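First chain A sits with chain B, and in the next complex the same chain sits with chain C.
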Partner chain A sequence: MPLNIDNDVHRFKQIVRGKVRRDLRKHMSSTELIGKEQGKVVRVPLPQIGIPRFRYGDNQQGGIGQGQGDPGDPADGQAGQPGQGQAGDQPGEHELEVDVSLEELAEIMGEELALPRIEPRGRKEIQSERDKYTGISKVGPESLRHTRRTFREALKRQVASGTWVPEDPRIVPVREDKRYRSWKTKSEPQSSAVILYMMDVSGSMGREQKEIVRLEAFWIDLWLQHNYKNVQSRFIIHDAAAREVDRDTFFRTKESGGTLISSAYKLCWEIIEADYPPTDWNIYPFHFSDGDNWSKADTQKCQEMLKEQILPAVNQFSYAQVDSEYGSGQFYEDLKAAFTGDERVTLSRVPDREHIMDSIKELLGKGR
Partner chain B sequence: MSADGALRERLDQALDQAGALDRPGVVQVDGAGYQAEIEARRIESIGVVVERLRVSGAAGTVAERAAAVAEGLRPQGERLVPVEVDPTLGGAVLRTRPEDMQRGRFYQVELDPAGATVQRVRRAPEGRVVEPFAITRDELERMIEGLGAATAPPPSDEG
Partner chain C sequence: MADDAFFFRSRRGLPVELQEAQAWIEGIARGYGLEFCETVFEMCDWEEINMLAAYGGFPTRYPHWRWGMDYIQMDKGYEYGLQKIYEMVINTRPAYAYLLDNNTLMDQKLVMAHVYGHVDFFTNNAWFQHTNRRMLDQMANHATRVRRHIDAQGQEEVETYIDMCLSLENLIDPYLPHIRRERSESEREKEQVRQASGFSKMPAKQYMDKYINPPEFLEAQRQRQQERLEQQARFPEEPVRDVLGFLLKHGRMRPWMSDVLSIIRDEAYYFAPQGQTKIMNEGWASYWHTTMMTRDILSDSEVVDYADHHSGTVAMRPGQLNPYKLGIELYRHIEERWNKGRFGKDWADCEDVATRRDWDTGAGLGRQKIFEVRRTHNDVTFIDQFLTEDFVREQGLFTTEYDKTAGHFVVDSRQFADVKQRLLLMLATRGNPRIAVTDANHANRGELELTHDHEGVDLQLEWAQLALGNVARIWGRAAHLVSRLDDKPVVLHHDGDHFEIEKPAGKAAKKPEGRP
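The block that comes next holds the complex of A and B.
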């Protein structure tokens, strides 16, 4: 029978999930969660929840409602004293933060956006070996001795043999009573995935656009890690030339050059060819840009590279176009015209950070 | 009055000739070391509705040209900012500063190895829309002159 505290904890978790879900759009457009990411847990601010708690009074005094009194008398019997100093002009800080595991957060996002579970491609999967305790054995190393089982066997033996004295309840295990944990090595299929993030860092991509990409990448990462045991992330930035960088550089780099999107697709394909055989890996390239490609010729080149190289190798190619003060570039429309009806391509436009949630739903909604 | 004093005269003459036609098309005017092409939709005595303005000529590095355009050109009072400058691609894009944009409209100047092109662009939900822009002849002269100064070599004193 579960303890009452378990019910309370479960109910509290349900409330937290409800609050997180209700404010999901706000959380998804805020960098607060990303900043507070620590290991596998994020701290979610929930200002609305007040945790009930007992406050003990002084037993030496009467309780509330006892004794004589007139309307307006202070409850504690002391005369009121004027306070010192000025009244504050800042709001009080009562923000509560609760720990939510990334796993839970991914589940909440998946439920809220109605995201389908990703079906890994039916290709070769990596086998991982894992030891699991599955039973009890009469032989084994002392370090794996099962104390409770051992004493139970000893008790059974003593009772059966008539040496058990209830007035002197001593249990002395002998060699035959000893029981040990036994294990089996299990071979489990483990789907692996690689996410290739590409971002346009040319002069036209401003700070806000990069922030949107950072947020969107965080939530995409979260969802794919929820779906695969082994997820790797690689980062490519490009203006007129592309290069691979680490995560930190990816989100902080600002260049002033022009935009040749084909440079990023070329490097993406080189990485796939070198490190991620499509037969072994589920591959997810995500490209973020404001859509201002330098020339129509380069856009044509991108389309050819996608058709001939990248798309046959990947689960899904995703392109998200982030609007700037100057609106939305042409690249989105060009890809749309070229790949409408192709299930391997998903396109999304992000007019501002309020639309991150919608964009993620568009990008991950196919469950590929 | 322009530094190249005859520019306005040649501009007026070319515009008047083209204005007499039903479809004005492209009006060409020679400046000091450069040539301007005005793709006009409508030409009137005071103003012109321009679809696209191109000034041929390219002197100096692309960074210098971009800086000169940003410094010297104020189309209809809007300040321009270099958005992308790429020496390896030999070009640059300048646009109206966001704070100077009017109702989502901005000027876009594209520099390429052979010259500079000016267009008026409107931010729209479906993307960007290039729009013709109405401009007085005075402003058009200043625009051509500013682009010419930034993109063409200064005229030689010799001869």
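The block that comes next holds the complex of A and C.
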């Protein structure tokens, strides 16, 4: 029976969606959401969704407690009426957090930023096989026995044969009654993508800059995961030399040293060559830097590597420049000069957190 | 209405063993003198139970997202095993109570015993006297009316308006249904006129009149009378705590709006007595489920589970007050006092510790007394009259204060007077600040002035701002709230679009004078 409340639940979800969407810019520039990621859902704080009432301010009002302790001892928690589910009881008025699935969040972002859906490149569709339990059969292993069906069959047989006694409702299945789950093997198209994050950890990339990168990476992950069934992420940090690290280290490494961007591109290409044949994978390198390369010669080298190696293999190469006090940002200008008109390269500048949303739109707006 | 009938008719009946249990427990309850109307138990799965809980126990409510919100939160709570609603019963005739279908038989019996306690309370307690016992139909009618408005006005429009009304849901006067005005409004008005027109003249013989009542004196009288009249022209004459009712009666709104507002108000008044008697009602039901379970119902094999579940309901987390626990203990305390004759002047005058400890006149009036208490009291008068120093000490009650430096609540006092006062204050307001309409023609512009009766705790400003905005929007003109913040008088203004806080100049102006 459909419950009456389904409509109310649906309406509530609509409202939540509307609120999340309206506050998307705020959510995108705060780290709050990232910490609240749990499995497949994000807890989104929605302080303004409750119904406002005249009520007392928090943390002022004393209450009544019961138990041990001398005056001055902590009273463990606030006194008051615990929220028993009794008719007519008001739910507690605490700050609301609503679970929004990552899938839904990605959709909201897609709608709000008008991001085109990515069309995976055809040749990269690979087939995978999966067993799905769909039917019932009369033979099978005992471990797959469908108990309820089995007993239902037995009951039917007993009733039909007149051995069913309602006063003594005993059902004994025989061999013919047994039912088993059966499966079909299905092949599903599967599209895979790999995201290669590269980040400059030279002296000029400070805390705030890294925080911005972390935020961008969260939303990029979200969007690509929404578009591909299987997404992997790899992380490269570089100063004068590049190395691959895990996600945690990527966001936590202390800044040091100079900047040799080509070292990162070289490592990136090595990883692609070794693990991700372009025929099977959709490849997305993202590079974050403050744009201060060591030398003109190195920048030249980078551009050559991009043109000759990386670009032909990837769906899109993205460079996001996180402005810092020290960086000149020359690299952005250099790339712009070299690749204007090349569909495979997207460039973006992120002066501060407020611009993360715009930057994401620039980076993912091409639908490649 | 059709909805409900469907909801209940389509449900499966109780299984035989529960029907038997119900008949048995009903008999036991009546045997103890509980009086209750017919009680219908419905078996529900947890989704249905959660829906009913979100709807406040009723199968049909007007469409609104907050039921959905509550449902989602409860649903999650169940999945995580955090909360399990044990009992839910609504105050209607017949009373409907719900049983969760995968509870054990012992749990079902416990719930039934508890529910009969509640139904007895609903039936007999004076504060429920004026509640509508056909609320099941009423709620369904409300739903139909709101749906009709939605069809005519559009969902957004009606929903926004419901949000506004709900935001003022707590601005009602829970005592209102019990006050019978001795004189009708028109009589009161007549009397005002009478008082206002005549002014007192000293009795005097005609020839003495101009000496005893000189013209100057009469003139002064006349003026004073005039002032009084002006004061009385203030409307409303006395603060009105039923703000929703006032808005409904005097606010300028379209018919569908006043219909929605009256629905919200009716439902708020319906639920109000349950808030007023939480400790008594839960205590009473708990008292009877323990009494019946332990004396009559439990079989040997069920004792351990019962003890486990019962202790769950009356458990007190450190530093928290559990209404079930406080209620049941206080009934027991009263029962013991009246059984042992510990009441009256002799008892009150006795100060000898040993005599008091052994005091037992064998009066045996305990049971009779608690039945009487459950008939006439509400939580406030219950605590006021029966909370004793002994009880506070035995139960280890204390008041708590928020320690700003430590950032948590600390034990403040174990003094009887402090505990009692704090409890009474908490129960009198129930977390709802006392706010009343004091002037409906503020500044002679037809604006609404509300006054907050400040008992030492400030309003939460952000929400007060939003709620005041809703007052202004429903009233149709600006609204003002007189209150205090940080120990200074303030007036909050909201004209529906803009919010302002005015701190009366008195204190602010003094500051610069400090130095020449």
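Note that the second predicted complex is superposed on the first by the 266 of 368 C-alpha atoms of A that agree within 3 Å, B and C clash if a C-alpha of one lies under 4 Å from a C-alpha of the other, contacts with A are read in each partner's own complex, and residues count from 1 in each chain.
Definition applied: a contact is a pair of C-beta atoms (placed from the backbone, for glycine too) under 8 Å apart; a residue touches a chain by one contact, two chains touch by 3 or more.
These numbers were taken from a predicted model, which means no experiment stands behind them.
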Mind working out whether A:Pro173 is in touch with chain B, chain C, both or neither, as first, second, both or neither? neither
Could you tell me if A:Gly110 is touching chain B, chain C, both of them or neither one (first, second, both, neither)? neither
Scan A:Arg11 for contacts with chain B and chain C and give back first, second, both or neither. second
Just chain B (first), just chain C (second), both, or neither: which does A:Arg53 touch? second
In this superposition, the partner of chain A with more touched residues, chain B or chain C, is C
Examine A:Pro285 and indicate which partner it touches, taking first as chain B and second as chain C; both and neither are also allowed. neither
Shared chain A footprint, chain B vs chain C, residue numbers none
Write out the stretch or stretches of chain A touching chain C in their complex. 1, 3-5, 7-15, 49, 51-82, 84-89, 91, 96, 98-99
Residue ranges of chain A touching chain B (in the complex, touch as defined): 202-204, 239-241, 256-260, 292, 294, 325-330, 332-333
What does chain B use to touch chain A in their complex? 82-86, 88-89, 91-93, 95, 98, 101, 104, 106, 121, 123-124, 126-128
Quick one: which bits of chain C touch chain A in the complex? Just the residue numbers, please. 3, 7, 10, 47-48, 51, 53-57, 59-60, 63-74, 76, 83, 85-91, 159, 163, 166-171, 271, 274-275, 278, 282, 316-326, 395-402, 404, 406, 408-414, 419, 422-423, 426, 431-433, 435, 452, 457-464, 466-468, 470
